[in-house]
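In what comes next, chain A is part of two complexes: it sits with chain B in the first one and with chain C in the second one.
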Partner chain A sequence: MIDSSTIFLVAGDTLEPVEAELRDGIEEQQLVDWQTQWQPALTEILRELARHGVPMADWPQSWHWDWRQKRAGVAGLLAFPGFSIMADDVTQGLAQVDLTRSARSAEHQGKPLAYVDYLEVAPWNRSDRGNVPRFKGVGTALLTAIAALSVDEGFKGRLGLHSLPQADDFYRRTGLIDLGPDAAYQGLRYFEMTEDRARAFLEEE
Partner chain B sequence: MRFERSKEWWVKRAIAEGNATIGAGLLARDPASESEIDDQAAPREESRIAFGRFINLMRRRHGMSIEKLADAAKVDASELLVIEEDVHYVPGPRTVYQLARMFDVPQARLMQLAGLTAANDAGLVEEAVRFAARSEAVHKLSPEESAALSAFVAVLGQGEPKRSL
Partner chain C sequence: MKKTMTLNLTDAEMRVLDDLSTRKDLSKTAVLRQALRLYQAVEVRVEKGDKLVFENENTREKAELMLL
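The block that comes next holds the complex of A and B.
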């Protein structure tokens, strides 16, 4: 049985609160949304970049998509514990967690943590390339859910992830420890949230 | 898991996000280069070679073309082609499920072989490697290949009830 909580995002333009749903699971509907709504939206972004003559080398994050691979990867999400954010009846963000990994930071080295295998917001919620996102707060809400899961698991909020370059600053700002680029992950930077930091992050008002 | 936080709590955090686009993990980034994306331990790759080979041999034993198998198992012909030829490719769970049904082998074991679930069974990996080494993707099944295939099907079925179609 999937649990769901009412949360709030804000509209990207007016910053007005928008009610949303945090679900602790990824189900068929989310995968259908990904296929029928996220994927076309991403393709449209790529088309636009090409139309404006932006050289491929300047595309965000070397988006040389291989949809077959990505589709297979996303289809695999059904098999793992995950979270999804719904608003306006559409999937706004997805995350998947691996609870079998250990911490690398000196402070917690070797202790189990919640590793963020995958976290992505819907293409229309991205604010890179000067876009105004439809909703803000989707990524933060997913991260909140994962930190809380870590507490529930007895991991005291310890959390690890490989950041996307455009998110590096956010993770630093949020107080995660930057353990540098990881060659095993295409050079993505590895970050960890310590127990103290998680406590502050989840602190109630 | 249920959250009891006020509207203000969530709003404050959403605004604090600023202009960040939050994401994590290789899958969120870009599935681009198949060879780089594979950070799994060697046994997975070895067993995936066996997976592709296994599907190839089973298909030929049934005298089917890729197109015909795709049709019968209700999977994409293009995915089948990649499964048989690209060891880096991790097939979708549904595809593996359909193929397990099609060839009447245990789904869980085939999932391990395909690299979808961790193979905690060193014996299976070893058998898979042995099987892959004994068989070659040529047009007709040689008697040796046929024997290797039969032996491997038997190993797959060990300790698991066969699926009934």
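The block that comes next holds the complex of A and C.
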């Protein structure tokens, strides 16, 4: 049984609050949305970028993610919970967490944390390339849910993740500590949220 | 929805639980929940035919953990 709670996003055009649903899980409905709504929207964005000669390095860096495959790989496993956000009856964001990892920062090294395996917002919610997102705050809401999960699991809000370069600034702004590029992980930068920062982040949100 | 159960542990097991709880900065319940997650994750991989191998970062020496 999936738990859900009401959260509020912000409409990108009017900046009015919009009621949304945070779900502690990713189910078939979300995977169907990914396939039937996200994929066509993403294909359109990629076509547009290609038409304008934008180099592939500047394309949305999660364009190749296959959520159906990701969830199938961890189906039934307690260590890999998922989260989804619904608004207007459509999936607006997805995240998958790995609860088997440990902190790397000197202060908390070896202590368990919630590692953000994947976090993605629907293509129409991306704010890059000067686009006005349909809904703002989806990524932050997912990160908040993961920090809250970390607290619930006794990990005191600690979370970690490898960031795609396009998301580095978002995670810095959100208060995660940049521990630098990880040579063992395609050179992606590794970020952590410490207990103190998680507490402040959750109070703020 | 969480359910409650009573756990009977030997002194030695309780010492290990206490030690892990301290070292990992987790409550005893959180340690056991974490252990369950890890056990399940390992079990599923092993059932698929994967091996559980530990590698020493410095020496690159590998040791396979046998799960019976």
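Please note the rule applied: the second predicted complex is superposed on the first by the 177 of 205 C-alpha atoms of A that agree within 3 Å, B and C clash if a C-alpha of one lies under 4 Å from a C-alpha of the other, contacts with A are read in each partner's own complex, and residues count from 1 in each chain.
Everything below uses one rule, namely that a residue touches a chain if its C-beta (ideal position, glycine included) is under 8 Å from a C-beta of that chain, and two chains touch if they have at least 3 such contacts.
From a predicted model like this one, the values you see are computed outputs, not experimental measurements.
Peer 1: Which of the two partners, first being chain B and second being chain C, lies in contact with A:V116: first, second, both, or neither?
Peer 2: Only chain B is touched by A:V116; chain C is not.
Peer 1: Have a look at where A:L99 lands relative to chain B and chain C in the superposition and call it first, second, both or neither.
Peer 2: After superposing on A, A:L99 lies in contact with chain C but is clear of chain B.
Peer 1: For A:D24 in the superposed arrangement: first (chain B), second (chain C), both or neither?
Peer 2: After superposing on A, A:D24 lies in contact with chain B but is clear of chain C.
Peer 1: Of the two partners chain B and chain C, indicate the one touching more residues belonging to chain A.
Peer 2: Looking at chain A, the partner in contact with more of its residues is B.
Peer 1: If we overlay the two complexes on their shared chain A, which of chain B and chain C does A:S163 touch? Say first, second, both or neither.
Peer 2: First partner only, chain B.
Peer 1: Counting only touches as set out at the top, which of chain B and chain C does A:L78 meet: first, second, both, neither?
Peer 2: The answer is both, since A:L78 touches chain B and chain C.
Peer 1: When the two structures are overlaid on chain A, which partner does A:L149 contact: first (chain B), second (chain C), both, or neither?
Peer 2: Once the two structures are laid over each other on A, A:L149 reaches chain B alone.
Peer 1: Taking the stated contact definition, name every residue in chain A that is touched by chain B in one complex and by chain C in the other, in rising order.
Peer 2: Shared contact residues on chain A (touching chain B in one complex, chain C in the other): 76, 78-79.
Peer 1: For the complex, which residues does chain C have touching chain A?
Peer 2: 23-27, 29-30, 33-34, 36-38, 40-41, 44
Peer 1: Which positions of chain A touch chain C when the two form their complex?
Peer 2: Listed in rising order, the residues of chain A that touch chain C are 76-80, 99-100, 108, 110-112, 153-156.
Peer 1: Show me the residue ranges of chain B that touch chain A in the complex, using the header's touch definition.
Peer 2: Listed in rising order, the residues of chain B that touch chain A are 1-11, 13-34, 36-37, 39, 78-79, 82, 89-94, 116-117.
Peer 1: Taking the complex as given, what residues does chain A use to touch chain B?
Peer 2: Within the complex, chain A touches chain B at residues 3, 5, 7-10, 15, 17, 22, 24, 61-76, 78-79, 95-96, 116-121, 125-128, 133, 135-145, 148-149, 152, 161-164, 166-167, 169-170, 173, 184-186, 188, 204-205.
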